[in-house]
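I've put the structures underneath this note.
Look for chain A in each of the two complexes below; its partner is chain B in the first and chain C in the second.
What follows is the complex of A and B.
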């Protein structure tokens, strides 16, 4: 599954970029430049070759030589640019997914146990807000409140703990909401099942019934949504990185897009899709540990 | 106050009413139910689906989901203590330890992601006071007792057939030698051949462990095999209560008679029709005035439709909730 998905991503992306208006040569070389320089730039990078030739060459190099090409603007290899930025993005996405799991699952459980209570309604409302608010909006509000007015947290970078708070909050907002909602509905379904009644009829404590009997049985949909969120956060960190001036893959791609730096854009998207696929694969393997009825083949 | 001597019944349910407050109205599931079981005896609670049998059992364990369920009134004395006044801790030690329950559907009543042994062990470590290896040993004993090879303890429920799962349910229920065993249609989901095995198993174990048994079923045949007394339930209340023999020999309530007429016998003519009770169970959100069975009863008179009769002892130990028992059905 992994290989055809990645190939498709490469082909589709390459095609879209090929037909995108804007000449990378003019943007990279600037306004004051001779026609000769532009011709030289284009022919050196094979930009005048037919579409199919360019596509074939790109896939051939990427697949068989692990060569993603050179940045048009920075003149350095794409793989170098990416590998210097990936740790930052991975750290941001991982922290955000960890935070949203640690907050989302307990919220969901509380809502499920106290279904239709005031707490349940409040959490439902807040999570609805969390899903609906766009990241750039949440981010700006958080900066306004906690950086500008209160001055508690820094709004630049992602190195120290103090700098990490706001980006993680921004990025995990919608994930917390989604994880909490899935946890709630999954737990509600499990709590109504016969084997939970059996556990209660054994005289088991309610906390043990919830955490030992109900939660593990509710884990499959929760794991699925966490893995999807992880992938989404890797790609979705573009805006968060831009807002908080974090030099990750997202900001690299944003700059590359405005410069029509095709190799960087392609490399970035390739990284995100690859990561997405691998995370889902990991989740599939985890299922087998959670549920004995699922076997690893 | 209940009589605390040994002659007192183990379980004495008085005037129990359970209702569910749903969007479509208040469902009166159990209405003024009286029931008692003596030590070591077995009572068959018979009635059709929706009569309130399982609700009664769950109310006794205080496992009615609330909301929407609510125990409206009544008292339930178990071994001298009112279950409705117990604290959460007392309830937990009663559930499983003193009163254990075998559930109706073995396919769904075991936790799918815990091994069989873990699920039996859980019960034992909650109530027996055994520790460490003793717990495992006891769990293996129980598996052997119900006919499961102990080495299968590491398997999960989905690796067992329905009958084997029901055995697991029985092993869990009997692991701590409860004073009262509630078996909620323990054989309904099983094949006929497996049914017989499970019935034998329950009967033998009941003797070995000397528990009282509340058998919930709609199968009059199984009641005849296991039970000492029979209670017939209709629309949330008892309509007839008697020792096994008199009731089977001479059912008095028109509903009980109808039930017996609906059972196919070996003498019935091939291709012949079974006698059915006309009509349906009343809507539990809108019970009829007077006797709950009156709308379907061939013997009903005006008085039945205004005031219910209440239990009357027509023969020693044979109680019937009817003004006109022994009405001969036209078969």
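What follows is the complex of A and C.
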């Protein structure tokens, strides 16, 4: 399913941006050029060909030559621009997923074990706020508190450990909340089942009951939400990168949007969608390891 | 004959009773009702116009005259927040209506007819789901250009698959039941069966999804405006106000706090309503 989906994503993106008003030649060459230069540029890039021909050429080059076209503004191959920015975004998204998983799952488990306790109420309230805060506002507040007032962490870049703290917190904020919520409800469902009662009845220690009997069986919805969160985080990295001036794919795309540099936008969205699909595929495969009843077909 | 029918409590009455016990949901309803009032009567409530500039009052902290302070053009932040509620609510409700109608229709048709139709429609939805939603919203709104209507369309399109999938699932769950067969036996058309028999039975999950989607749509609208793609200045949009406040984060932090607070309160209220509705409409399912 992966390959046709990605091909369709390419078609959709190409179509949307093809029909967007604005002449690529004007964008690339600026406003003050002769008509001859525009005509030459258009024929050199094949911009006068019919839509289907251009689409076909784009897909052919992307699939067989890993060539995503040229940036109008930077005059360099899109694949080059992207590949120089991908490591940064990958690092950011990966750290954020790791962090939100490591915090979100334990929080959810604690809430499920101590249902209706004060801790549960507090965490439920905080997660409610967490899913309701816009990423960019979380980022601004974190900068305000930890960078402006306390001066603990840097608010620019993503190189050193000190610089990594705030972007990761910003990006993972809502994911922590969502993962904690799903973990809690999934664990609650499992804890109420008969085999957990049996495990307790035979005198098993509570920690073993929770981590050996309950958690693996509660894992499927948690895995699903983590893989979905990966997509949200990849999308959210645009905002985080903009706030913290991180030169990743997201910031590249934002700059491209303001300059109407369509090949870069196409390439960036395509890359992120591909990454997202691969992660979902990985999650599908992981299901089979977590739950042996599921067979990978 | 009609008068002999014993009137029992309807599903909605029970839902309302359960909903009233959920304090968070009630609080959410109150907040949203107030917000709608504020948006409708913005001209009367707002102490100043949204673009009234006072050059003697540039970036002044909250005071008696300007409760939430003034921005970099000497405009009253409170008034701008009040006018901004119009944008957020409009985008939230209209964008979700767009996705509800289109997504609901796609899901209903796919689920009802099944087979090839179903396969094609749902694969299209899969393609859309492969692109992270906020990215798709960014691409569509950058293609459409700025403006309120375009913002609604961009946010609306991105939420279509949620409703399509939900509608399809609930159509599938009632499609095989006897009352559908009875309707068909009586000669009802496909359109009539879908609209009059299947839709009313799938309404509960759709309402919950719609409430949560309104919250999400408002977040999206704010995010797009923050990135400079949604509503253009001078009209106040909460996300846009935050974007404008960024350079003054160090000196005038209140400019970055109040618009965010407005967004958060709205979203929290909508999420509370959504969660409350879900519990009230489906009491079997424990949270």
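By our rule, the second predicted complex is superposed on the first by the 296 of 297 C-alpha atoms of A that agree within 3 Å, B and C clash if a C-alpha of one lies under 4 Å from a C-alpha of the other, contacts with A are read in each partner's own complex, and residues count from 1 in each chain.
To be clear about the criterion, a contact is a pair of C-beta atoms (placed from the backbone, for glycine too) under 8 Å apart; a residue touches a chain by one contact, two chains touch by 3 or more.
No experiment lies behind these values; they were computed from the predicted model shown.
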Using the superposition on chain A, decide if chain B and chain C clash or fit.
-> fit
If you stack the two complexes on chain A, which partner ends up touching A:236: first (chain B), second (chain C), both, or neither?
-> second
Check whether A:140 is in contact with chain B, with chain C, with both or with neither, and answer first, second, both or neither.
-> second
Chain A contact check, chain B vs chain C, more residues touched by chain C
For the overlaid structures, how many degrees, to the nearest 10, lie between chain B and chain C at the C-alpha centre of chain A?
-> 80
Kindly classify A:225 by the partners it touches after superposition: chain B alone (first), chain C alone (second), both, or neither?
-> neither
Look at A:292 in the shared chain and tell me whether it touches chain B only, chain C only, both, or neither; answer first, second, both or neither.
-> first
Which partner does A:216 reach: the first (chain B), the second (chain C), both, or neither?
-> first
Given the touch rule stated above, what does A:17 touch, chain B (first), chain C (second), both, or neither?
-> second
Mind working out whether A:264 is in touch with chain B, chain C, both or neither, as first, second, both or neither?
-> neither
In whole Å, how close do chain B and chain C get at the C-alpha level once superposed?
-> 12
Which positions of chain A sit in both the chain B and the chain C interface?
-> none
Interfacial residue positions of chain B with respect to chain A in the complex | 58, 61, 63, 91-97, 100-101, 103, 105, 108-114, 122-123, 126-127, 156, 158, 169, 172
State the interface residues of chain A toward chain C in the complex, per the touch definition above.
-> 1, 4-6, 8-9, 12-13, 16-17, 19-21, 128-129, 131-137, 140-141, 143-144, 148, 185, 188, 231-232, 234-236, 238-239, 242, 253-254, 257-258, 265, 269, 272-273, 276-277
Could you pull out which chain A residues touch chain B in their complex?
-> 193-195, 197-205, 213, 216-217, 290-293
Enumerate the contact residues on chain C facing chain A in the complex.
-> 123-124, 126-128, 130-136, 138-140, 142-143, 145, 215, 219, 222-223, 226-229, 239, 242-243, 245-246, 249-250, 253, 256-257, 259-260, 263-264, 267-268, 271-272, 286-287
